[in-house]
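Two complexes follow with chain A in common, the first pairing it with chain B and the second with chain C.
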Partner chain A sequence: MDSGEYRNCLIELLYQLADDDFILAYRGSEWIGLAPHIEEDVAFSSISQDLMGHATLYYSLLEELGEGQADSLTHNRPPEKFHNAIILELPNGTGTYLENPDYDWGFTVVRNYFYTLAKKIRLDSIKTESYEPLQQIAKKISVEMSYHLMHWETWFNQLMNSTPEARSRMEKAIKLVLENFDGIFSYGELGDQIVKLSLIESEATLKQRWITELQKKEQIDLSMTMNKGNGRNGIHTKHLTTSLATLSEVYQSIPAAEW
Partner chain B sequence: MTLEEQVMEALQTVKDPEIPSVSVVELGIVYAVRIIDRHVEIDAMPTFSGCPALDIIKRDMTLAVEDIHDVKSVTVTFIRDPIWTTDRVSEKGRSELKEFGIAPPENHQGDEWRVPCPYCGSVYTTLDNIFGPAACRSILYCKSCKNPFEAMKPVSI
Partner chain C sequence: MTVASEHQLERFMNRIDSGEKIEANDWMPDDYREALIRLISMHGISEIMGALPEKEWVPKAPTLHRKLAIMAKVQDEMGHGQLLLRVAEDLMEPLGKNRDDIMQDLFSGKLKFHNVFHMEAPTWGDAGIIAWLVDGAAIISQTMMLGTSYGPYGRALKRICAEEVFHAQHGESIIMALAEGTKEQRELLQDSINRWWPSLLMFFGPKSKAETGHTNQDKNMRYKLRTKTNEQLRQEFLTKYVPRIWALGLTIPDESLRFDEADGEWKYAQPDWNEFKRIVTGHGPKSQERLSLRVRSYEMNNWVREALGKSALASEVGSYE
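Let's look at the complex of A and B:
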């Protein structure tokens, strides 16, 4: 085995895992003060904080592998170097956090529930076989995210089985999320090597597990695409660019400062 | 007192800034201490990965141990393996949490999670929100003494 190839594949997978949690944590943070009720505000901000922590664990491993400092990886990296799936960078709705936020709670519940379930399946695979330090991180994250999965599953079940209006809005949200959800299961251009080197199981295997798990609950059509492109290969929407600009605004104001 | 004892005594003064009544030793955050030729190496276990107090805890541990006369230098490292669980909170830590108004972590089986109220001891309590004001805490309500209270979120493998 070529150790350079192993290192490249590992780094690629780590960026995908890190950037997914990082950008979704940001989207979650935009809901603070706007969630449907006060208890949800507390819960969602706590979940977003956990997600940011999970991203930090991956970034610190990237730091050890010589990719540069975690702070710099998040605040100084151009959007095309981010490898998150596009579905996670899409805005919560129309408007912005400061101006006329008209966010879609159904979309948020579906995106978070679908993602958290995929994340669990992904980490379970890593825990079975992968790079050992990554397996240790996966174990740590699994413990914390069991609470997240429980949270989003409760919302999902309640809204799916609520009024006809709730049901139809959820079905619309599911369709919208699935339009780009295939990007979650992709490992991008290095996918074949990543799987060959036993860093994680194949895209098809994980996707099938996810579909099987969801269909136990609801007999819904789960066919998915990535119609905005593959974020794993650095293709992104303008929404990632604006999010990163907001996220790094303070950092960029004095890049040399110690935080 | 041996140097090792002095180090542990110093670490007993370091608190989690979000739970100022319980030391990092009693919370089970200190995993191992090695002393090599007056240099102290501390392996610490992060509680929740998104906990903003981790950096402060690391700094406070370093400062407290550096203050010991015979210590030349200190390194604190957050380890990845093994992982921290709420089983690591000591008996002393549990009673100190309770004094602070936080119910200590309970072992739970499945969905059953009975948390006695830290104020009156009643188990007639409800879980209001599994997520609380800090990553490690949940919000509960006691139907007996009508007090809201917090409980340490159980973490097990």
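Let's look at the complex of A and C:
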């Protein structure tokens, strides 16, 4: 095996895992103070923290692999170098987290539920094969995954089975999320090699597991696309650019400072 | 007052005087209950409104470590709000009121929140000052309340105080990094201290009625809801923090500030108590913006609350911490 190729594929997969959690943690943190009730504010905030913590574990591994400091990777990398799936960077609604937010709780529940399930399936696959230090991280993170999944699944089921208004909002949200959800299962341009090197199982295998799992709960059409392009290849919307500007505002305000 | 209720009141005061704790289902005079509801719902809602100025800095925190720490802090504050509102809700139940009434009172301006959370927090230095000094001030006033005569409030405060200590450490760590940093970072920090100083003095409330024409501290002390006056707490704060601020080579925007050995107390310029009144009645620089953020969140999630049904609210989802 070509060790350079292995390293490149491993790094690519790590960026995907790290950036997915980092960006969704950010979207989650925008909900602080705005969730449907105070109990949810506390719980959601805890989940977002977990995601940020998971991202930090992956970035630390990238740091060890010589990619640069974790803080620099998160606060000083241009948008086109981010490899998160586009569905995770899309805004929670209109307005900003400080001004006139009009956030869609249905979209947030569906995005988080669908993503959490995909993440769990992904980690389960990594746990059984892959780079040893990454397997260790996957095992560590998995402990929290069942709580996250239970949380979002409860919300999903409640909102799908209550008032007609909630049902129709949820159906709209499902459609919206699926339009770009295929990007979650993509490994991008290095996909074939990543799978060949046994870093993770194939895109199709994981996607099928995800569909089977969801179909058990709810008979819904799960056909998906990635309308806005493939984030794994560095293609993104303007929403990632504005998100990263917020995330790195202080870091970049005084170059070379320690914070 | 009937003979029976006079007897009840006497027994109640004897319990207070002997240091017994009053529990939610015990008999209590109406004005004791009212004082508790006012105090605890204001405290709870202040924790929740307090998340808003810090929320601004959650995504912007400059490193992964700082991001994680400030997320944890804001989550704790929300958790404190939740804990306190539950204590307040139990007290309100016999009056046929619930959390929705607390929220409506907040929106209408009837329920006030702490002066500090009406203020602007325009820089990362402010995030540090809030965690170090606002939380530091909160620790001083909440530690005093640990001995409160109302058991459920005392128990909630015990947990809150333990967590606040971590927040103050998180704040101190931000402050140290800025103080030991570049010239720009030190200037950022000095600006924040200048901006927050009057609010920090106001935090403990007026010394007596003379300043604002109204204070609840006498009654609250008689009922042993609190054990120290506003001024005693402010003096403790000055004793603890002024030397630390000076030790960092920073200045405090009050030239008259000094410790008077003869009187054994700090002399300082009084903040503008008329301004204090304006701020806490909803006329601070950020009062309306932050209130409208809460109102908006309430409105945009109407359909969710309806979907959950009033009885299911908060009980089925949201227990993961």
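Here is the rule we use: the second predicted complex is superposed on the first by the 259 of 259 C-alpha atoms of A that agree within 3 Å, B and C clash if a C-alpha of one lies under 4 Å from a C-alpha of the other, contacts with A are read in each partner's own complex, and residues count from 1 in each chain.
The rule is short, and it goes like this: a contact is a pair of C-beta atoms (placed from the backbone, for glycine too) under 8 Å apart; a residue touches a chain by one contact, two chains touch by 3 or more.
From a predicted model like this one, the values you see are computed outputs, not experimental measurements.
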Once the structures are superposed on A, label A:54 by its partner contacts, choosing first (chain B), second (chain C), both or neither. first
After superposition on the shared chain, which partner residues are touched by A:151: those of chain B (first), chain C (second), both, or neither? both
Could you look at A:37 and tell me whether it touches chain B, chain C, both or neither (first, second, both, neither)? second
Between chain B and chain C, whom does A:141 touch in the aligned arrangement: first, second, both, or neither? first
Just chain B (first), just chain C (second), both, or neither: which does A:105 touch? second
Partner with the higher number of touched chain A residues, chain C or chain B: C
Considering only touches as defined above, state whether A:75 meets chain B (first), chain C (second), both or neither. second
Where chain A meets both chain C and chain B, residue numbers: 39, 42-43, 46-47, 49, 52-53, 56, 147, 150-151
Considering only the defined contacts, which chain B positions touch chain A in the complex? 46, 48-52, 80-81, 83, 85, 128-133, 135, 139, 153, 155-157
Complex contacts: residues of chain A adjacent to chain C: 26, 29-30, 32-43, 45-49, 52-53, 55-56, 59, 70-71, 74-75, 93, 97-98, 100-103, 105, 147-148, 150-151, 154-155, 158-159, 162-163, 165-166, 169, 246-247, 249-251, 253-254, 256-259
Give the list of chain A residues in touch with chain B in this complex. 39, 42-43, 46-47, 49-54, 56-57, 133, 136-137, 139-141, 143-144, 147, 150-151
Report the residues of chain C in contact with chain A in the complex, numbered from low to high. 48, 51-52, 55-64, 66-68, 71-72, 74-75, 78-79, 81-82, 85, 124, 174, 177, 180-182, 184-185, 293-294, 296-297, 300-301, 303-309, 312-314, 316-321
